[in-house]
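Each of the next two complexes has subunit A plus one more chain, namely subunit B in the first and subunit C in the second.
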Partner chain A sequence: MTASANGSHKPAHTKPAAKPGRKVRFKVKRCDGPGKISRWETFEVPIEPGSNVISCLQWIAAHPVTTEGVRTTPVVWDANCLEEVCGACTMVINGKVRQSCSALIDAYAPNPGDEITLEPMTKFPVIRDLWVDRSRAFKNLTRVRAWVPIDGTYNLGAGPRERPNDQAVRYVLSTCMTCGCCMEACPQFNIEPDEAAWDTSFAGAHAISQARLFNMHGTGAQLKGERLDALMGPGGITDCGNAQNCVKVCPKEIPLTESIAAVGRSATIHALAKWFTGP
Partner chain B sequence: MAETTGFLERHHFLLRRLHSLSGVAPIGVFLLFHLTTNASIVWGRLGGGGAPGAVKTFQHEVNFIHSLPALLLIEIFGLWLPILFHSVLGIIYAVSGRPNVGHYPYPGNRRYTLQRLSGYVGVLFIFYHVATLRWHWTFLIPGGTEWTAEYAASTMGAVLRGGAAGMTIAGLLVSAFYLLGVSLLVFHLANGLWTAAITWGLTISAQAQRRWGQVCFVIGGLLMLGAWSAVIGFATINHTVARGAEEGVHAPEPTPVLTPGMAEAGTLRDEH
Partner chain C sequence: MAQQRVIVVGGGLAGLAASIRVAESGIAVDLFSLVPVKRSHSVCAQGGINACNEVARQQGYSEYEHFDETIYGGDFLADQHPVLEMANWAPKIIDLLDRMGVPFNRTSEGYRDLRLFGGSLFKRTHFAGATTGQQLIYALDEQVRRLESEGKVTKYESWEFLWPVLSDGPDGRRCVGIVAQDLRTMQIRAFRADAVVMATGGAGLVYGKSTNSVICTGAALSRCYQAGAAYANPEMIQVHPTAVPGADKLRLMSESARGEGGRVWVPRRKGDSRPARQIPEAERLYFLEEKYPKYGNIVPRDIATREIFDICVNQGMGVDGQNQVYLDLTHKDPEYLTRKLGGILEIYEKFVGVDPRHEPMRIFPGVHYSMGGLWTSFTAGNYNPAKPQPAHKSGSVPACDAEIGRGLLLGAPNNMQTSIPGLYAFGEVNFAFHGANRLGANALLSCIFDGLFSGVSVANYLANGAPSMAPAEGLPQAEFDAVVAAETSKQKSMLDSVSGADASDETNPYIIGREMGVEMTAACTVVREESRLRQCHTKIGELRSRQRRMALGDAATWTNQALSYARAVGDMLTVAEAMVAGAIARKESRGAHYRADYPERDDSNFLKTTYATFDPASGAARIEFREVDCSLVLPRARTYGRVDKEEAKKPETAAAGV
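Showing the complex of A and B:
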């Protein structure tokens, strides 16, 4: 009323503002350990301005009582940096994969009684509740030799100079944190309980992109042939189905589909070169 | 089974790239010519001869195809084996994926799922199409019409309608299956051209992929137009008119045609 009396206007909001002091329901998929049957539990959490999924999980840990009033165990989750650069807290929120630390409640559930579902990623084995084992994602980085070879018995000196244009392309590729989003959303990457089959099942967009990152590095390019050979086998570049979900869900906005196409081109050239000049 | 897996793994890259290549050529190139030929049942009317003219145009094209030397060898090695190869490997690759459009309903993901669905339905359709028309498994055709290359358009119309006369209920089902089959296969080719460019590394940047996607959309749209006009054109053809036009192509005697003898004997002299 005072605003209209003054003749001024309130700033126009594109979205209705989140209601302060409201409570939001969290439907959490729980699992007591590897191989155990999952179940759903619901918690009602009071929301403070700026709350995110992690802060709500912390509140649940302090008040582990379901909406039915049953006292339960605190929900287990993995987290580390709390600023979306480590990838540890990746989980499936309202059916889509993302980091829970950067999932703000005001955006997901602006009204009292809104519900948010939390599930562990489905492509990795569950350790407990929302905590999964991403070992396979890291194993796939070793498959494509995602490093610069500098180990030796003497100082190799400075490497070749990097070109600024290449650096600009490589910078965003280097922000990959192996969080698992691209693999979780990929219809070609599926859970593989048999560890022996990890070497021949799809490596994932992140591993292909990291192969491109290190192939573009002056010293890293020494292993280019080995990386391409690894990616031309079963579970490599050819197993991509071009659904392109990876680039949509990547929290770091890495151009994963461009990396896949670029490695596809390298593989084409590598295969032809091997056929015509190789042993 | 173990040996099969071993063979697929040893030649993984080559087989995957041959799978991609076979979809473009010979299969994609064949589909382009096949649909263009069949669509002449509609665009053949532009020649001025109306519906009978289109039937004649189409019959001439069929006659040309059947005049090719070693047609059976071309069919086996240029079409049937490549399609079998593309289908078998395609199904092996497709069943390894777990479509998830429910959770991630992005356009690219829908195309991924439709590419696999269109592959499955397309294999069924191509088998039905080739078995009934080329291998003459007429027991699978309502009405039991046998398609013959000599009466290509008229028998095709009867195949699609469930008989030489008007459209039957069973014929409606066959025609609908044809429309569905060709539509899915045209999508499969257009989307396959788009993904093949990524697979081989022709298009890399997101912008390049979008540009090539627009080209594939236009190619697919034109092929879709050809496919639909072919099916609808054959399904609505008048059997008597088509039969008459085809007889005209095979037996030119009744129609006045200028031969050297006739010219000497009559036509030229009349001008004096």
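Showing the complex of A and C:
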């Protein structure tokens, strides 16, 4: 049930027999800050049972010496929960975007001589090394009004009742961590250094899916029109090129392409209604 | 008058709930967080959130029983009035979260579904799959994003809290702002505020590997403590019975796995090396079910943890002779498991590579939660019985109803205020509510309750307290500049250490941090004992002297994570010292604090809050004890219906998560 379409998160059902005391080579793309030239550094890291990319980066932080014997600085990266539920530690590992906490070394580099490359995501500006600035992904949640407009926090009783089937759909959509995988993999989503252009460049699959999530909620639907208006302009739903990469890389297996299709249908109806009744 | 401002430090459930409530009162909020708030540690909470509900109510449950369970679960160390108010608010909080759109699991009629959790015989835990914390924080994150878009909340994400700014006025010392650092540009600057809310979570990283996220160092708590705020019950650390050991952290396996029927066992025959599924039922030892027939696998965490320890460490009966026991769900329907527990089973599958629907999980206890934290005060509400009540019996009329204000006076400015006026502590960093042991699914509740309930207290403090006479805006700039200068100089001396780096383990901050974690885990977790604690105290002193000579591995003046970590190591050592000092001083066993040399609870001497204050001269904690508010429920023996088959063996000193 956890195997995603590209198989990168497919769990091994038997524990691979990793040799104790073996070492794995890490090639890390490093960059000292915005506008600085990137460079590669290589490290050899001893592996223990259950090692993942995070534990290896932690080891490098304590022993920052390259394979050439050159003393360097600890690698900078973003991480928090280490349980693949916060989204922070997303990076490009062996060419594929994913969370580094759930990247187990035994699965990635089972054989002697295997190498693991770590690179920052390319669709967001690098802060330093593997840490990128994903504020744009959060800004896009504001753009689609990804919230339920409640009447404040006073005690006003329960929310709307919900059928379990609807809850099941909303729950999956609501597990989106804003990790950035779907944006990294999307050919239509490109790095945009100009913050002023964020509101008119492609919102990304995650934001469209969040619009669907809140449109499905009894009270959240109050803002459905505003959400659809936001997604019918430039950088909205029509910018999707239907490459379907997003759904393949989503670590939470959110049906992003279904969401895009659903919001597309709603947008068409919304546009027709506006055309007949006026805005 | 200038716009009043409140600073909230920490963007987890407590910080977000506080931001919402304070912003609603028309006060500007500046919200500081080490990470984008959506990535806060609250996402890791799995099982659910407790509240009395209509079904349980009709079966004889009540808010009052929830209160009674929480007090009993905490081994009577929690002040009782705040816990009563929290339990009374729980159903209202669930309703609010429901209105915010949290996808709580539903029954076929569309009502909120419920599950069983530790320390209760009633289903009173609401849940959203097995990622309830994630779902709750997302709901609050969305509301804060809405307030942000309306200009009512300003976020400072990737900023680190460095120190509180305190000002001496006619009414004494109070908190008037903070100094913080942008972790990208490394800019250090002061921010003024009429009140500061600390919502910075627990201190699990002091133990190295724990179930906590990497930001849960306790550094923010430590800095407030060093600045003069009292630290209460530092020795009370919850070790969760079921964690999955990993190379980088211990991953939580939620209590909901047991709530949904998970059974804990080991082979009856020591050294039985057959695969789990080939061991017949009769040859399995379900040690929790045998010893606690009433609660079985859902005994509270401290008890389950000690029993697992005893089986593995003292009796040597762990699976494959190692420190691990089975947590078995394989008797349940796999589809049911996916629906109810999908998120956590997926974590196990992803990180261990085995499907727990078909193979029993291998688990061991791990450091999980800090019951202790910044000491806070409160104003009791209007329920004050002539004498404390005996244990509440399910189905009997509750001693007190659930009206607002029974436990605490709503809006009293001192509610959840630390020993420094103007400095509040909400959520895990607040010591209130959980006593000596937290019940499962009460953490999310206490975080949100603090924010919503005591957010009103913060607003009232601004309206009627010192800030109404002397707003932070009007205080002399020099008071703020002095703290910035102190932090800048601290940073400079750390950066200067880089040139002298001899690259030895002796002065490596990462190695010092790791050694602290190993030592604290070995000496100050499940079973504690005086001589071992004293040895640990000495080791912390050694690490402290090494930390003073620390050599940084990175001189960068842009995005220097090594600097931030190294700075935190010093603060973590201060927290560790207080934890150990508290553990030495408390010569009894209570809740999570088990002393092999004092195995009984001693109410006559230690039914008291450990009150630690920082002594700047020695860098160590001064420990005092303060009375606990026990005016509502009479303390009683905490047995959970234990049946002793043989005389309990005295356990050896043992450690978690190794």
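We adopt the following convention: the second predicted complex is superposed on the first by the 253 of 279 C-alpha atoms of A that agree within 3 Å, B and C clash if a C-alpha of one lies under 4 Å from a C-alpha of the other, contacts with A are read in each partner's own complex, and residues count from 1 in each chain.
Note that in this section a contact is a pair of C-beta atoms (placed from the backbone, for glycine too) under 8 Å apart; a residue touches a chain by one contact, two chains touch by 3 or more.
Bear in mind the structure is a predicted one, so any value in this text is a computation, not a measurement.
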{"item": "Chain touching more of subunit A, residue-wise (subunit B, subunit C)", "value": "C"}
{"item": "First (subunit B), second (subunit C), both or neither touched by A:R161", "value": "second"}
{"item": "Partner chain in contact with A:A221 - subunit B first, subunit C second, else both or neither", "value": "neither"}
{"item": "Intersection of subunit A interface sets (partners subunit B, subunit C)", "value": "none"}
{"item": "Subunit B to subunit A touching residues, read off their complex", "value": "8-9, 12-14, 16-17, 93, 96-100, 103-104, 106, 108-109, 111-113, 115, 195, 198-206, 209"}
{"item": "Residues of subunit A defined as touching subunit C within the complex", "value": "1-2, 9, 11-16, 32-33, 48-52, 54-55, 58, 61-62, 64, 71, 73-74, 76, 78-88, 101-102, 104, 106-107, 127-128, 131, 133-135, 138, 141-142, 145-150, 152-153, 155-159, 161-164, 167-168, 170-171, 174-175, 177-178, 214, 217, 219-220"}
{"item": "Subunit C to subunit A touching residues, read off their complex", "value": "20-21, 24, 35-36, 38-41, 43-44, 92, 95-96, 98-101, 103-112, 128-129, 131, 134-135, 138-139, 142-143, 145-146, 148-149, 157, 184, 213-215, 245-249, 251-252, 338-339, 342-343, 346-347, 349-355, 452, 503, 508, 510-511, 514, 553-556, 558-559, 561-562, 565"}
{"item": "Residue ranges of subunit A touching subunit B (in the complex, touch as defined)", "value": "95-96, 185, 187-188, 190, 200, 232-234, 236, 238-245, 247-249, 255, 257-258, 260-269, 271"}
